[in-house]
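Okay, got some structures for you below.
Below are two complexes that have chain A in common, paired first with chain B and then with chain C.
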Partner chain A sequence: MSDKPKRITLEEWDLRYEQLQRAGVRQPPAVAIGGRPNYDGPLSRHLEDGDQRLLKLRYDNSAAALRLWNFLLTEEDRLHQARAKGKKLIGTMKDLGTVPVMAYSFDNVVAFYPDGAWWIPCVMELSAGLLSIADSLGIDESFCPVRAMLGAFVTGAHFPVPDRLICSVGATCDDFSAIAQRLNSLGHPIFWWEIPHRRKPDPNEAAINLPGGFRAPKCQVEFVKSELARVKAALEESAGEQLDEKKLSAGIKEANQVRRYLAELRHLAFTAELCPIPALEMLIAEMLAIHFCSDRRETIEVLKELLGEVKARVQAGIGILDADAAKIFWVNPVADLQVMNLLEDCGGRVCGTEYLFTHALDAIPEDLPALEALARMALADPMVGSSTERAERICTDIRKLGAEAVLISRIPGASHCALEGEVIGEIVQDKFDIPVLEIEVPPVTDSMRPTVRTRLEALVETIKARRKR
Partner chain B sequence: MIYAGIDAGSRTIKIVLIDAEKLQIIAKGLADQGVEQDKLTSELFERVLKNNGINKKDVAAIVATGYGRNAVSIADTTITEITSHAVGVRQLVPDAMTVIDIGGQDSKLMRLDRNGKVRDFAMNDRCAAGTGRFLEVVAQRLGVELDSLGRMAAKSRSPAAISSMCVVFAETEITGLLADGKAREDIVAGVQAAIANRIIAMAGRNIELPIIFTGGVAMVSGMDAALQSALGQNIVVSPDPQMTGALGAAILASDRFNKASG
Partner chain C sequence: MKTIIYTCPYVPAEWIAAHGLRPSRVIPDAAEAGGALGRVEGLCPYVQGFINEVITNKQAGGIVITTVCDQMRRAFDILVRRCDVPVFLMNVPNTWQSLGVQKLYVDELKRLGRFLIGLGGKSPLLDDALAEIMLKYDTARTSILAAGGYLPAREYAETIAEFSRDGPGRMPNNTTSPEPLIEGLPLAIVGGPLMRRDFDIFDIAEQAGGRIVLDAAETGERGMCTPFDRRELRDGPLMELANAYFGGIQDASRRPNSELYKWLKRKLIDRGVRGIIFHRYVWCDMWHAELQRLKDWTDLPVLDIDTTGDNETHRHRTANRIHAFLETL
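Moving on to the complex of A and B:
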């Protein structure tokens, strides 16, 4: 375990890094062998890549957190190295967790998540000009910040252009479909597969239980299975390799290992008496479930170390926030990472999350044929069902985790955010009578910081006043 | 013991001093907000003390609230305007269950519990829609005083339909309406109704009575009627609506620092 846990600045991390070096902590030990990319070094080295936002964030001070950040911030290097080694690069878009499980079942494939470019405008504080490029392509700020992906494809300054792009359509947000279609029109052909809107089975209709407590008609599961079979064939063509049941099942088992670590991490982070890890590091860790940050084996090692740190803190009864921090359930990921810090600065603690990919956190059934299992998982995506079903799952988690309020972070331009927040808010308030607050978080919140801060502080004040009733 | 509340709003700074034993307002002051927020606040504070013959050392604690609260260096602590307005309104109207506060830059709705604590709240988006600034722009565009808006709206026979709630776009719409020969009275009535509808949309369901209207915009004539019409419920304008935030902050200062010293 590291020293007393706390949140520190980038400058403080440089000193901390020297301290860790002197203490003989080398990181990450798992990648120092085998000729794989080296993620070592102080956090501040990423400033050289133009990641100016890092100067304004506060980080967990553990070696495990440093490893997590270094892993995240070196993904572009890893992708270029994979390309140089002749690996096939697959850009998997929108489905948030299904196709990467298939892709990593091949020996010669690295999958990544071009949608992840939505954080580049935040991390580089708009200096990369990605949003301006999207503007010039007719995808303006009325669309989700994922539009930054278009700029990243145009400049080629971030990730290499993938050998194949695979994107789900159908029950996905309208703006993402428009962005992906625009990408397609720029000469980046996309392999489309359809995910239908998950509906409740009709009476007497054959139905199947899905992960996460949802149910869907059997015919929908069959349809998704057939779509995934098409995806599999496309991947086989790219990889020049057949993906048999054994390999795919092994891939599912590996993905489940990531999910198991995350499940344990989430349980401890959200329920320990003292919060053992900041919300920002938890957000980054949870995101690994979707795409493995271009290295599934290292994802497992990074999460294992983080979990070890968190367990040690919980056992020692120490944490990074005050014991009376207001317990807040967070809905939707933020475009500006600084807002996660801000909640904690205001006296809040994230005690549960629903970042739009809870299906990528549930275990994939291992007792079913592989494509059937993946189809069930894909259909459990909170974004492909109704807002009411999404809200019901959120309510289940709120009950389990004892949240005192819900914070819904709206993503500017994201079509699904326009109405979902209200639906979720009303259902939560009907069931629990706890405060629900909606905030809008653009990629860089600096000019809005006072108003966002007021909302968060008021939420914390409200929670604490309610405790005294 | 004397406690002070400072509401550093986006348009004005308000200060209230209370006698904690009697829970009475003993002094208050108001000044326009500006670029040098901290300096302006300190100057107003000094002025209020001087005008009322109060010695600074007799002020036991100061709580700042409002948009500019973090810039007030003389404050001992800060509390948001959500909590402060709720406390201030409850002091003036003890049975208040819902508070609508429309200030210069934002608008909010707070639901209170039977003990006067905030149960939950909603705030407007980051734009100036549904705020005092919106009304200012409209008054300026129509060449009328803010104070006269209510009288003008009362004369309207056919309120204009204002579809945009963005200040910039609404100004364009108003230009178009004027060009079409729409009466200024009808435009004012349309604007006030649009603001009221926006606030009501934010409120959602289950608004408990009584509803108290506070903040600087509560003093703009006609806004209470517009809210009442949109909501279909009686709206009560808080006594001294511009000062409720500062009053709440002063009471919170007394609560917090009295307990701390006791």
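Moving on to the complex of A and C:
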């Protein structure tokens, strides 16, 4: 375990990194450890890439958190290295978690989400100009910040252009679908696969339980299975390699290892008496599940180390926030990472999350034919079903985790945000009579920070006042 | 007879009618403030208008919504909570090339059929009801399309809207002009669905010296299915219905939507179009994203009309822009 847990600045991390190096805890970068690549190094080196937002964030001070951040911030290098080694790069788009499980089951494929470019405007504080490029292509600020992806494809500066793009459509948000179509029209051919809206089974209709507790008609699972079979064939064509049942099952087992660590981590982070790890690091950790940050093995190691740190803190009864921090369930990911810090600065603590990809966190069934298991996972995506079902799952988690309020973070321009907040808010309030607050978080919140802060403070005060009733 | 209301062009009116129910495609008047929704930031005005229209509609015995656009898909969540009328959400795939999605569409029609029977409808497959109704609709559509060049643009758009709302009945009066109309600079209107108040655009264009010869809005010609193959119609009416609707209506939401551009290319040439009015609602991502692409794709001048669909200021702005556009042409 590291020293007394606390949130520190980037400058403080550099000092701490030197201490850790002297103590032999960290290795200098580019030194292979046990045959594995080493992504280690001082965090501030990423400023050279233009990641200016790092200067304004607060980080957990554990060596495990450092490893997590370094892993996250070296992904672009990793992708270039993979290409240099002759691996096929697959850009998986929108499905957030399903296709990468399949892709990483191949020996020579690395998959990543170009969608992840939506955080570049935040991390680089708009200096990369990606949003301006999207503007020039007719995709303006009325679209979700994921439009930064278009700019990233044009500049080619943030990730290598993938050998193949695979995108789910159907029950997805219109922003992404429209932006992907625009990308397609710019000369980046896309392999489209259909994910239907998950509906409730009709009476007497054969139905199947999905990971996470949803149910879907058997015919929908069969349909998605057939679509994933098309995706598998496309991947095989790109990889020049057949993906048999054994390999895919092994890939599912590895993905489940990631999910098991995350499940334990989430449980401890959200239920320990003292919050053992900041919300920001938990957000990053959860994000690793969707495509393993382009290195599945390292994802497992990073999460293992982080879990070890959190367990040690919980056992020692220490944490990074006050014991009376207001317990808040967070819905939707934030475009500006700093807002996760801000909640804690205001006296809040994240106790439960639904960042649009719970299907990438739930265990994939291992006792089924592999494609059937993946089809069930894909259909368990909270965003392919109704907002009502999504709200019900949030309620189940609130009951388990004891959250005292729900914060819905609106993504500017995102098609789903216009109506879902009202439905989720009504259902949560009907069931628990707890406060529900919506905030809108753009990629850089600096100009509206006082407004966001005031709203978060008001929520925390409301929660604490309700405790005295 | 119960009325089943919907607005998506991929819902075949013939299928509802063949169940002994009255199909009625709703076109909202406008996106009025207030209504059933707590907040409307980020909400497409057409979806807002549709929700308000449906909730206040006293005739509806059932509502059919589709998944073609995300906000309409989510409107289902609102309607089942705010509305006493049974609501059905029909999966309409965005992809279209594979047999799997074509089958999914047919299966969804069958599921819609069960919903309609649950509302008191009869099974259309027990006799030749479906084929007969399809013939009737097809004849009416052919007649409307033939009248296109002879009717003033607004009257033509209203004829299509009336047909969609009430079904085959009154045939268009294409004796308004014994000869094809040729006055005015030929224009196309391209985009998603129009609301009732947007129909003023046809008049505005005419007053400014133009004439809309191609109504490629979702509520216009573009939203009409292709003619039925009469032989296929007799042999397998449901499959032919699916082919004409799912395979025949080209939309921005399709992935890929290359067929929309092929359709447009053909129509723009056929009608001798000299300029395009691109009509979109704010927050409609599907059409908004096509604007720049359309400009890059065509040599024709394109006028962007973005609207919130709700106020006079917008209407004046639209009128001014169309006048200026025609002056430059």
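Here is the rule we go by: the second predicted complex is superposed on the first by the 459 of 469 C-alpha atoms of A that agree within 3 Å, B and C clash if a C-alpha of one lies under 4 Å from a C-alpha of the other, contacts with A are read in each partner's own complex, and residues count from 1 in each chain.
Basically, a residue touches a chain if its C-beta (ideal position, glycine included) is under 8 Å from a C-beta of that chain, and two chains touch if they have at least 3 such contacts.
This structure is a prediction, so every number in the text was calculated from the model and none was measured.
Participant: Is A:D244 in contact with chain B, with chain C, with both, or with neither (first, second, both, neither)?
Facilitator: Once the two structures are laid over each other on A, A:D244 reaches no partner at all.
Participant: Check whether A:C417 is in contact with chain B, with chain C, with both or with neither, and answer first, second, both or neither.
Facilitator: A:C417 contacts chain C only, not chain B.
Participant: Is A:Q429 touching the first partner chain B, the second partner chain C, both, or neither of them?
Facilitator: first
Participant: In the overlaid three-chain picture, which partner chain does A:T388 touch, first (chain B) or second (chain C), both, or neither?
Facilitator: A:T388: touches chain C, not chain B.
Participant: On chain A, which partner touches more residues: chain B or chain C?
Facilitator: The larger set of chain A residues in touch belongs to C.
Participant: Give one of first, second, both or neither to describe whether A:P450 is in contact with chain B, with chain C, with both, or with none.
Facilitator: first
Participant: Just checking: does A:A465 make contact with chain B only, chain C only, both, or neither of them? Give me first, second, both or neither.
Facilitator: In the superposed model, A:A465 contacts chain B only, not chain C.
Participant: If you lay the two complexes on top of each other, which residues of chain A touch chain B in one and chain C in the other?
Facilitator: 422, 426
Participant: Could you please specify the touching residues of chain C with respect to chain A in the complex?
Facilitator: Touch list, chain C to chain A: 37-44, 67, 69-71, 73-78, 80-81, 89, 91, 93-95, 98, 100-101, 104, 107, 111, 114, 252-253, 255-257, 282-286, 288-293, 295.
Participant: What does chain A use to touch chain C in their complex?
Facilitator: Residues of chain A touching chain C: 137-139, 142-143, 167, 169-175, 177-182, 184-185, 190, 192-194, 196-197, 199, 202, 219, 223, 226-227, 230, 386-388, 410, 413-423, 426.
Participant: Where on chain B does chain A make contact in their complex?
Facilitator: Touch list, chain B to chain A: 67, 70, 79-83, 106, 113, 115, 117-123, 125-126, 204-205.
Participant: Which residues of chain A touch chain B once you look at their complex with the stated criterion?
Facilitator: 422, 425-426, 429, 433-438, 440, 448, 450-451, 454-455, 457-458, 461-462, 465-466, 468-469
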